[in-house]
């Protein structure tokens, strides 16, 4: 579905400067859930922004369903790391979520229903009429997630989407994400700093090393549907955690 | 402790790196040259389009030849003027009023704007007077200004300050209100004293607004300097226009008007260059730097 | 042309080791008159160091006079009478431009388009007339032209516009007629506009239009200086009256006026001292059409 | 004596002080150009209550509003275009800057030639003067939109029209309003300038005519009327702005002391009455109930 | 040192509206390290902002060293949750860190040294001349932390300061924070969503329940200096984790 080969991205006008992404190769299958780990500043966000066609890359190739990516593809949703700035302060929470639906051609009634469902799912049903800046940080992040889910994308890019929510809400959102993914057959690229989360969610976990090259790739062979308690008790889970911990440790330049 | 820097990356071996560098710096130069050239080309073509439109107007009879001197006469006059020293003297006279006026207006309006933008009581106290004075027409003030300040530089400067003060003031007030609350709280939580908050936080935050305000004001100031000279008869471009007009020297009159416009354009170039330097952190400038 | 002088004509000054007098005079022929006098050294002979600054002739010369930045203001009689009628502390010290004796040689012309149905002042009823300023000298002189046909200013509509725009506006039919002042009268007629009347002469042959003003205070303090200035004006006026052609020849150099215009156009006439009859005529018309309410106080207003 | 009355008195203090100061000074100085207050007041009553309202004020207002509306339309739409396209912006820059620097009196002949001596030439002059603050602010506002918001819109493939309407315009809104407010005063000033020429009625004509006839107290009544006009129009403008930019005032914590910034420096300097602190545009009904 | 009693904060003009902080009581001792847990939106940020004197509160009392808090106290540093917006985009990273020092009256040379040390400590020594918007999310967060540490505050408020950094960097920063606190005798209030982190760092852990009341307070009786491996192996650590997990679970409304 998504193929990345020899991707290179250098910020700024000088192509010989230090790259943010040096030479990245990987593929993502249809409806696969790929988690991405990597130390801070190793190029994860940059990579996602290249994949999504938001910024041009310096060299290499990205193809999505066989077509090269030159701009944001259809049916893609992106949850940005800087969630609070990606919400529009002049729209209420509800309108922020419903906003992209209209232009995707969703019927007004369907859009309304999808919005309410998403709000409900992230636990903000009673905050629909607030403005984003009237919400706490974690709530804002959940609004950004709700917007992506309500959009029913075919490919979903998430950049540390659960960084600002508490452990309990986080588990709830993880399970929600898995359910939604299953139901609508979404392909997900998920950046996180939490190894457990990466294993729990992913079909595969990639470890990036600065400047973004795939340092390690792990296939997660845990049964689905997953369960917050049972899955994390499997010996395989513990093994994977150990493997990934070592991979990150060994690969990253002391950070 | 192990929190050393995330090492900067030099992936390629030395030799090739240097080769690459030489190679790319050449293409970089080419790239920059191209961009510069392209911009120039764009500007020239913009001007050409307008000139062609003017030409078309006079061809189709929209602007009659009788009333407009042939545009070529105007150009000839323009070049003759540019070759002589008097034109530059007049420009200098106009610009001295302009410069003093805009500088004084800025120095007055920026602190006032920051005070009024951040202090509700001060704003409410002055609001009526401000809103009352803003629309007072400059032309109506000219005789009063002449009476008090005479016909010289002071009068010009007074008029410019009186008129350009308001646009700058308003832009500053709006700019101050656009300060990000998180930034403001950061400054407060670190206990910055008021003057430091003003200099380090409020002023840079409002800078994009102020920059726009200055560009608006600089053109208004130029217009006003010329108008004052024109109406009162103070030496400068404006008076030259009057003299040319009274002597029915229309090519020169139009040439001088064009000179005024060109002066405005050059001033704006200078402002833009300064803005590019000072505001390179702002999204409006950095989109063109990054990516 | 060489561009030796300043474009704004601000540096026409010269001669005389005596007192400096800064004069603001309407740009064009009126200020060229003074510049000519300076060039010929007439003012220096009287001990006056004259500095001429051309103005657009608006109302702002009087505040400039009051502020002390200029010493003498060239204005027209109507503006001066209005100001003095409002008790401004100023006085007329010398005469500026006057018109000639016949309508053809008037330096203002009431013109209409060549093919206009308007052939005599009678046809002006209900028309729009372009003038370069409202409520001023034009009202006075047009009123006298209309008066011949039994009309008044209320029967026409005045439209204000700058002189350079007038020929175009008249030609296009934006207005029906216009009062053009030299050199635009010559330009207008050469573009096919037809003179209908010489309104200044029509009001009174030899009508005095321009005047030089000083503050009453200055006149009282320094009557010698006033006399010297007037003498300089007189000398210049005489010299031009004797040899108008050399003035015409000098015009392009002084003011960048096109030589063919300088040769062809009607020149004003200058005298030294104020013409009492003109002032009285003008004041009378002004009273009549409501430009002033004050009574004429000739001796208080004119320093002769 | 509630706070509102106090605030109102506060607001009137300075104007009253200025008036009294001027009155005392003018009656002492006896300057021809600065007549005493009572004289101005007398003329004001004679002239403007309500003799010349229909003949001078109304035509002026019509011209001004037409010119201002045209400025807003042209400024915002051209500003959007130039702000969004680097190519167009670069190409148009010399021409725009050239036009911006042309003095209005020098433009009047042009506009007379192009539009004749009717109202359209005056409106043209007003637009040519008042459009620039709006245009520049729109350009700079559009260029300054948070890149994160634009990325979001592109990621969700929001079509261009919606991107303009829903993201770029609102984000540039505070700046556009800053420009519009400056332009409002400039439009009034240019109304006067445009009536300098080829005009036989209007407030600007009145002021200049009185000035030329040395009718100084009458001229002052005109200037005062212009000030009053500016004040009233500005008041209306602020009401509109409050509604349209409600989110902005809330976001920046400017909505008044009630949101809890009594001690902090940034409080709304706008609006006589404290705006409702939860900036709720009319169409949405904010439920402000808290955590359930 | 810090005493909070009956703190109440309602946003908006209507004091009878639902409060963000309802009735909060607690004290913090001198040089104590207090961690605060609580579900998303329960009022942690609001509380910190009240304590720091940045926003006025509706009712109650806050005293710091015996004096009521009416504005930001001296010698306080605050790491905001919305870190990317609290960095000044017109200053380089180095200047962002250094500028509060100047106004604290720190000598120029000392300020420079403190800045470089802090940059080094958060692993950004080579990024000092960049602008914040040229950094990755995690790096920006570290700049905000570096600014607070370089300031050498007596009281340090941190609002989810490690949310966007990877696990390894996070451990490093935790240890750094503990060392700095020890060395300069700082009082710390630390909001986090990570229970392990709260126990590892804190002398005491408070659990807030919406709308912010102290639902549970736990004293952490673990020896100092703490160690990432050893401390987390102590049985007491596991016990506390269980206790806190239960406390959060019981208290929070399903979110």
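In this document, chain identifiers A, B, C, D and E correspond to the written order of the chains, with residue numbering beginning at 1 in each.
Quick note on the criterion: contacts are C-beta pairs under 8 Å (C-beta built on N, C-alpha and C of every residue); 3 or more make two chains touch, one makes a residue touch a chain.
The chain lineup, named per UniProt: A, E = ABC transporter ATP-binding protein; B, D = ABC transporter permease.
Everything numeric in this text was worked out from a predicted model, so none of it was measured.
Peer 1: Could you tell me the least number of steps, going only between chains that touch, from chain A to chain C?
Peer 2: Graph distance in the chain contact network comes out at 2.
Peer 1: Computing the C-alpha centre of each chain, which chain sits at the greatest distance from chain E?
Peer 2: C
Peer 1: Just grab the chain with the largest centre-to-centre distance to chain A, centres being mean Cα coordinates.
Peer 2: When every chain centre is compared against chain A, the largest gap points to C.
Peer 1: Of all chain pairs, which one counts the most C-beta contacts?
Peer 2: Result: the chain pair B-D has the most contacts.
Peer 1: How many Å are there between the centre of chain C and the centre of chain D (ABC transporter permease), using C-alpha atoms for each centre?
Peer 2: 41
Peer 1: CA centre of chain D (ABC transporter permease) versus CA centre of chain E: separation in Å?
Peer 2: About 45 Å, centre to centre.
Peer 1: Distance between chain C and chain E based on Cα centroids, please, to the nearest Å.
Peer 2: A distance of 82 Å separates the two centres.
Peer 1: Cα centroid separation between chain A and chain D (ABC transporter permease), in whole Å?
Peer 2: 46
Peer 1: Which residues belonging to chain C are in contact with no fewer than two other chains?
Peer 2: Counting only residues that touch two or more other chains, chain C contributes 58-59, 62-63, 66, 162, 164-165, 168.
Peer 1: Would you mind listing the residues of chain A that make contact with two or more other chains?
Peer 2: Each of 11, 39-41, 82, 85, 134, 255 in chain A touches at least two other chains.
Peer 1: Out of chain B (ABC transporter permease), which residues touch more than one other chain, so two or more?
Peer 2: Expected reply: 2-4, 6-8, 67, 143-144, 147, 180, 188, 230-231, 238, 282, 290.
Peer 1: Considering the complex alone, what residue numbers of chain D (ABC transporter permease) touch chain A?
Peer 2: So the residues of chain D (ABC transporter permease) touching chain A come out as 146, 148-149, 151-152, 154-159, 162, 166-167, 170-171, 173, 247-248, 250-251, 278-280, 284-287, 289, 292.
Peer 1: Residue numbers of chain B (ABC transporter permease) touching chain E in their complex, please.
Peer 2: 1-8, 180, 182-183, 185-186, 188-193, 196, 200-201, 204, 207, 279, 281-282, 286, 290
Peer 1: What residues of chain A sit close enough to touch chain D (ABC transporter permease) in their complex?
Peer 2: 49, 52-54, 71-72, 74, 76-78, 80, 82, 85-86, 88-92, 99-100, 102-104, 126, 129-131, 133-134, 151, 157
Peer 1: Touching chain A in the complex: which residues of chain E?
Peer 2: The touching residues are 11, 37-41, 43-46, 81-82, 84-85, 123, 134-139, 142, 159-160, 163-170, 172, 193-195, 248-249, 252, 254-255.
Peer 1: Provide the residue numbers of chain D (ABC transporter permease) that touch chain B (ABC transporter permease) in the complex, in ascending order.
Peer 2: The touching residues are 7, 10-15, 18, 33-34, 86-87, 90-95, 97-106, 113-114, 129, 132-133, 136-137, 140, 143-147, 174-175, 177-179, 181-182, 184-186, 188-189, 192-193, 196, 204, 207-208, 211, 219, 222-223, 226-231, 233-235, 249, 251-254, 264-270.
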